Structure formats: structure tokens, C-alpha cells
């Protein structure tokens, strides 16, 4: 029997490091997971190496892919800046490669997730292009064009979270006013829902009950659960997020005209609560070109294993 | 002596059809020009054929490229819709090819201009990627990635003029409120200048003198001339356009991270009057990533021959 | 039998001069009407005098009130500027008074209509305060506080049409971007409906049928008729206007806290098509103070005779 | 010698209760001050009574005026809601009156400050009307019309802080997006300055030095001090606040056309750093009516004793 080439994908998040051994069909054969020591550069590297080592023992591993939130240099070896970790100009590729003896590639987490969906998920039927928004606490992105991840001249393409959406709008953590991240993220969902629960508590009884009566205790999963149970205030919070997301997807259709548009991240688990308003806003924004074909808006399919799968698959292509 | 391969480029605008014979260094050897019979589909085709025939007589022409404002189908043969001409689903490629016996390619005018600048103009030193905004009466765009024009899955990529810039903003001809075309175009420049001349005539004496005292008679060239002569109201109109243009360029840098950003079209002839405010707004918008490299914003270099050069060069690549 | 004191009210519009003899219950006993020679200052004055003379013949008239669109000086004698008429610093009061031998008062048309509704119309049960928006082609306003019209230190209070609503929004005829007049007027209604009919003709069949198939031929009465017949695109145009109007009414409630808020002008004849969305937007905007009492939003009741009635009633108070 | 009538004014803030004995020229003869036990309704009342009692001992006091942040009922006796204190439907007037044996009046703090400036401060030369914005942590307001405070039909007029300024803008504590309080307050000033210091630390060295190098440690007084010392980032933060404040002042001029517009609150101590940009924005917004007279924008003159003086003066008028 012919040997299957295996690679390891590692998804380095702000709270956990998840790794997996992935075969050439995108299947995760085995996983490993550790907490992220986010404030400690050296320990974060060590945890990554631990995860890789554990997974590689006794297996024939061809390469390792690492996905991390942050700006990665154009050679995919150095983390220039990571907002949630302590890394600054961190030569992560060489460090892990030296420690494990394996070829390593480092990639932005939004890119990694997009690649996984392009190869094995919501856009697997596409052969050329897709754009993906990842709606988590913030907003990430990934772009595939010509069958390849778009990395950009300086390695920082597809930074979709900080496109300007509302001039002079809500202040973003990045310093500007009105980035899409302040309107179409999980944080925005919670912010919208909390505000509505404070303003109209009598309409938000289901949501407030989940939150122990305190609007400030509302979390994203509570908004999803309440909306699924019919809470109108929670459904409206999803509609607000979807309205802005649909507008940005329409901009991407006009700029890049990809085969598929994908929406991923934890917030998309709410399904049509998010995608219904998103698609309406998307269609409205493109009404003037309604006679032309345009990409479909699809939910991501791989959930939170997209990071592991995508990183492993990129490593396979080294 | 080895023969030089020549191609013909045709730029079909709302008021004129311009053609040229172009060599393999992007040099225009000879030109021809006719008025556009914009309301008459059949006559517009005939004028194109006349121009091509006149240019081809006695020369060895390899192919013809036609650039036109409008949506072109993905096979680059049919004009699906042209806002300023009467074409609807017009099979322009086959018609011109049959009449002239030459291979023909049809391409969007923004794409054609971008290609010309990428090959022979402001981005000729780039080998991979550029994004160009063409600021004429409206706003057009072109994107080069991986050394090729981005056409999109449906042939309508790089429609940059209708990105949303101000939610609920100035109504666009397309029906939406707040497209970039309403803020960073020559039309917007004139609109801003006229409004200021009505509001503050004492500050706009130079501009109003050019316009015979009537704010409504102000044109784009008058705004440029007055601004160059020191008229503050005209300079402020350029600054308004530049502010929005810079913001959109920053979005493109974040989405595509190209090697070069180019600003073309008639309005860019105003030089630093436009580019100064544009670059300030661009830099402000990207302040949070000031430690990372980013594309330079450059003015187009080929002026209004870019359409002919780009179309001819695309034809050469058939 | 005790003599009833009669006064004459004159409503000077851009297309007609309407006059009426009004008794002390606000009842119009007899009317007269002429076309407005809008471009001719002297003729407009003469037409006003003709109307007054015709109405005064054989009657005991105590005074004359004239309502006109424009800025009136604080002594209510001079029209400083009238956007739709040729008047500039026109001493209208003295001119008409000298010609007719009657005391005359000149007042802004928005103020006059508000006064009529306060005394005899939608706010007649109020004894102290009301704010009225007049939604015609443009947006006018009138404010009553302490049982008196608010005229302001310079005679130009209640110029509600040019409050800023959308920063950098749709350009207003006044030169600024984003005045309420560009979002909550009859002109805006038509603009919204035309754009939607162009974008989504298949949804606007009823409206387009009224307009002979041409989106550009759509008028305000067509939008009203189509919306009343169930045309969704027309109903959405009213909803857009109502959304912005409700927001501005909420601002007025927060600034002035009047007893009543009134919406008048031709557009309000559409009834709940306008007032439904207006009230929803108003309530949403004030959700955070839902436990406090707030003024009711009511439609005007006097229609287009409000100008005559209000002007006559103000003349009575001389 | 004729006896001077004295009254007591009390200014109840979130951190302190300040009282003063005031004569009929607006002069504060003696003061008293306590910390505010903000979370404890009963103790806050007791502290007010302590302050009044201390000031009243041995003096002939005619009445007591109390200014407090919150919504006061139309009879000026009950605090319906106080955002920074624990009061809900608190019958403060009767409680203090019963305890001290003096007539008491309760009034909103923005109204009280406006009244003080109208009588003895920046608008003392006006005899009829003024509008005042108080720019502290939040934005308060007060309106004088016809020589009297405007209280509104329900006691809640002049709630200027929650006028809509940027649709879908920065989220306000009240739940809405885009209230003026999020753009023209001391909190906004600090938010703008912190963001700029994070984005462009090299331009904000003076400000960051005051803040110990930490953008998040920047306070309002630091922004003022740095701006006065020439720090460009701090000056720009004031300019942002002034831009929005000027726009809102222009709206008030169009709505109410008062004799004077006053800007008070702690932020105005920065003087022309705030007032320069404010007046430019105000003038720009009213450019189309530049030939008409309009109220002057003046800084408040009474500083933080305005609350005591205004409350005492209102009590004198009981």
C-alpha cells in the first residue's frame, strides 16, 4: 500500500494552541491541544514545539504549517506583529524548524482558514477564486485568486477587518473610526445586543434571563441562543451585523468578482439569523447589476478545525 | 531586419473613438480619431471598423484590442452593458473580427488603462501587482495581480467606482447612496467647487471669473486652473476629493497589498493639488500599520493614450 | 349683531398666490388665487395687492398677513431672501400697506403654517408649545413656545430644513452635504423612488406604469398612489423618508420637549405610509427614555389652507 | 442699610456636593463642599442637607436651589432619573424643604449652568435668548428663551447631549449610535487623543510623556496641557471635538436663532484650542447664510461655580 503523505497544522490562538495531523484529503487524523501562554514569547514557541513533537512522534510528517493571528512577513517565516500575543518580529519559522527538524511555513490565521474552505470546505467546488470573511471577536479575511492564496507584495493582503465602513463611526482598537470590525464582528453583535437590552429590557426578556438580568453580562453565545429562541432584540443584533457584512461582501464582489464568497468564524454558527440579513443587504447593494451573475454567499463548513486543516495543507505545498 | 509585430488599440469613449498602431515597446506609431455616435449601436460599430481599417491599411497588424466603458463578458467578446453607449449584450468582438479579418479582444476601459500603466507607465517597474483608480467624470478601476489583469469569475472585477464610501450618502447614478464615484470623481470635484462658489463667492473670485460669474458654469478644467492659480475654494474641492480617494486607496492596500497604487484619469493632471491631500489621507488611514511597508501612490504617466496602448498590448498577448 | 373682525391671509408660493378672508374662528369665508410671476419682483407685489384688493372690497378688514418662503427680518416687514422668488431685501410690508391702506405683517411660510395648526389644527388642544415640520418639495419648519411663534433674535428661527442629518451626505442646494431636506422631503421621496425603480424595475411595475415606464418621469403623487396600491418600492421610499424624519423629530423632542409634534406638507397626505415609519423611527430614537412622557407625532389637519389661515390669524394679533 | 436677600445654591455632582450663599448680584459670599456618596440615595440627601444647614446657620436665607445631573419632573420637585447617582423618582424638593424649613427648587445641572451664564456670565448682555452646551465628561445643555429657562412640556427640554450627530456612529452609553456626546465631549477628546497617541506615538511624544508613556493613561487635563505646549496630536483632538461642536451649534442657530451661543464645561478652559476649530466649523456650516446676522459663539465665564450661582438665582425667583 502506498504511503499517504501527512502534514501537521497548528492553529495558534489567543487562548489555545491546537494542532492536528492531516492527510492529503484534508482529514484530521489526530489532534493535540494546549493553553496559550499568551504573554510569554518563549513559552508560546515552546508550546507550539510540544504540540508538533507530540503529533510527529512515530509518524512520517512531511512539513508543518502554523497559522497565527498577526502580520506575517512575505517570506512566511517571521511574525511581524501579533495583536493578541507578545510576538514582535518573531522568527517563528526558523525556531520551530530548528527544534523539530521539519520544514515549516507560517501564515496568517485568516488566510489559513480561507485556504481550508477553498480546498475542502464551502468553496471546494471553486477552482479559482474566493473571498472569506471570518467573523469572530474581530473580523479576519482571506483571499484566493488564481487558485492561490493572495499574500500581497508585503505579506499583508486580505486584512479585511479594517476597511472603512462608517466614516467617523465607532472607534476601532486600531485607532481609526468606523472600521468594519466595529460593525460586523462578534464584538459588535454583543455591543448591539447589550445596548438594546439596556434600552428596551421589556423586549429583551429572553436575552436578559440568560444573562442573569444584567445587560453587561450578555455574551455572544447568549445572543445566539436567545435569537434562536425568538428573542427579537437578539435577532435585530444579528440583522445589524448582517446589514454591514452584506455591504462589505458586495464591495468584495465588485472589487474581486470571485467565484464564491464565504462567511466563517464563530458567529456564522447562528446560520440564517446572520446569513439571511447578510444576503438581503448583499443583494440590495448589487441591485443595479442584478442582471449580471455574482458570487453566492455561503457559510463556512469546517468550523474551528479550518485553522489546522488549512495550515497543514499549505505545509503540504511547500 | 526583423519585423516588429504591430497591434491596434481602440479606445471607445462616450464622445470619441480613438485608435492607434502600437509597437512592442508600447509606442504609438500613428493615430486615428472619430466622433462617437453614442446613441446608435450600429454606427458605433461602423466607426470602430473605420478606425481599424484606416490604421491597418498597408500595415502588418497582428490583432486588435478594444477598450470600452462597460461590463464585458468573461470571454472578452461581448459588451453586456455600456452606461454611456447604447450597447446591450453587443457581440462586438465577432462583429469587428468578421469585418476586419483580424483577431479582436474587448476589454473594460479601466482595465485597459491599468494594463497600460502596468506595462509602460507609472507601474512599469512592478512585476506583479498594482491597483489603479481612474478619476474621470466617474471612477473606474483596474487591478493587476500575478502579472495579469484581474478579470474576475464573471468578467466584472475591478468595478471600483461603486464601492460604498458614505452610508446613506450622495445618491449615485447607479441607484445606491454613497458610492465612491460621488466623492472622488471629476463630477464630485465640480459639484464641491460649485457649491463652495455659491456659498462663499467672495472667496471664489478667481474661479467665478473663469466661469463668467456663474457657479453653475464651473467646469473641471476651470477648477484645476483656478486651484493652480491659488484659488482657495478650488484647492479645497481637490482636497475633498483627495480625502476620499486616499481612504479608498488605503482600503485597497489592506485588501490587495499591491506593489504600486496608481491614480489616473483627467483629474490627476492637477498633480499635487490632488495627490497631496490623497497621500495625506492614505497615510492617516494606515497610521496604525506605519511600521509595515506599503505601496506608494503614484500618478499615471500615459495620460489619455493609456487606453490605446493598453488595448493594443492586450491584443498582442492573444 | 356684533360685527366679526375679519382679516386677510395671503400665501405666496413659487407657483401661486392664494388669499382668503378669515374670521376669528379660523374659518376661510372666501378665497382668491392668482399665478405667481416668480421672476418679476414688481409683478409679484402687484399680484399680492390685486388679491388683497379683490378680497377686501366691500368688507371690513382689520389687517393683512402674508406668508412667504424665505428669510423675513425680525420686524416682519422685509423679505431678506426668498429662494424661489426674485426678492432680495424687499420691503414687502410697507409696499402692500401703502397700496391697500391696511396694516400688514409678513411672516415665513413654515411659521405661518405652524401657527395655523397650533391655533386651529393638529395642535389646537395644546396651549403652549409645538414643533412642526412641513414636508413639501423641501423641508420647512415652525416652532411655537410659550404660546407664541418663535422668531429668533434675527428672525430666522425654525429653519429646520438645513439641520445636518448625514455628515458628508447628499449635497443640498444650500451647498452643504447632508441637510435633512435631502432625506426627508418630497424631493427625496421622488429621488429614492426613481432610484429604486431604475434598480429594481420588476418590483416597481405599478409605479413605472403610472410613469409611462420611465423612472425619470416618476413624481411625488405617483409614488403616493403606487404606495397606496401596494407597490413595495414606493412604500420603501416613504419608509426611507420616515426613518430620517423620525430621527429629526426625536432630536426636536430632546431639544424643545414640546407638547405636540406635527408633520405637515403635501407628503403627509400619504398618511400612515409616511407616519408609520416616522413614528417607529421616532420611538426607536427615544428608546432609552421610554419611561418618560414625550410629545405625540400628529399629522397636520389644515392641508394647503394652513398658509392663508395662519397668516390671517397672525394679522389679527397685530 | 437695606437687607440683601440671600439664597443658597447647591450643585450635586457625581463626586462632590458644592454649596454657596449667593447675593442678588450673583456673587458667592461663602461656600461649602462635601464628597458625594453617589451610590447611597439616603446619604446623598443627607449630605445636601448638611451643606445647606451649614451655610444657612445665622443667615437670612430666602430659598434653596439644587442643580443635579438628571431628568427633573416638570414641577421641579422630583429627580426622575440621575445617570451618575442612585436616584430614581426621588422627591428631593420635599425632602430637603422639610428638613431645612426653606423653599426648595430642583433643576437640571445643564439648565442651572445656562441660567447662571445668562444672568451673570457670558450671556449677561443678552435679554432674551441663549443656548449653552456644557462640555464635560458628557455633553449637557441649557436653553433660555423669552428671558426664561426652557423646561419643556415634560421638564426634559435642552437634553442636547443625545442629538444624533453621526448615523450609525460611535455607540453612546444611552444605547444609540452616534450621539453628539460621543463626538463633542471630554470623553471624546480623551478617546481621540489616546487613539492618535497609539497610532502615531512619534508625533505624540509630549502627550505620552505626561501620561508616563501609556496612551491609555492619557487624561483630559493632559490633552489640554500638551496641546497648550504645542503637541500636534493633542491639538488635533481638540480640533475633532470642535468640528462636531461647531456643527451642532450651527444647528441650534438654525433652530432657535438665539442672541448668544455659549460653550461651557471643563473642556472650554482650553480656550482657542477648542473655540478656534469650533468657530470655523460653525461658520462653514452657516456659509450659505453668511449675509444674515447670527449669534456669536462665546466661552462660559463662571467656570465651575456656575452651578451654585444658577441654582441660587433660580431659587431667588421662586
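Note that the chains take the letters A, B, C and D in the order they are written out, and that residue 1 is the start of every chain.
Just so it is clear, a contact is a pair of C-beta atoms (placed from the backbone, for glycine too) under 8 Å apart; a residue touches a chain by one contact, two chains touch by 3 or more.
These numbers were taken from a predicted model, which means no experiment stands behind them.
Asks: Please give the intersection of the contact partners of chain A with those of chain B.
Replies: C, D
Asks: Quick check: more C-beta contact pairs at B-C or at C-D?
Replies: C-D
Asks: Using mean C-alpha positions as chain centres, tell me how far chain B is from chain C in Å, no decimals.
Replies: 45
Asks: For chain B and chain D, what's the span in angstrom between their mean Cα positions?
Replies: 53
Asks: Can you check how far apart chain C and chain D are, centre to centre, with Cα atoms defining each centre and the answer in Å?
Replies: Roughly 35 Å separates the two chain centres.
Asks: Which residues of chain C are in contact with two or more other chains?
Replies: As it turns out, chain C has residues touching two or more other chains at 166-168, 174-176, 198-199, 287-288.
Asks: Taking the touch rule as given, give the residues of chain B at its contact with chain C in the complex, in rising order.
Replies: It comes out as residues 166, 168-171, 174-178, 183, 191, 195-196, 198-199.
Asks: If you look only at chain A, which of its residues touch chain B in the complex?
Replies: My answer: residues 71, 80-81, 128-129, 141, 143, 145-146, 148, 150-160, 162-167, 174-176, 247, 250-252, 254-259, 285, 287-289, 291-295.
Asks: Touching residues of chain A toward chain C in the complex: what are they?
Replies: 167-168, 198-200, 287-288, 290
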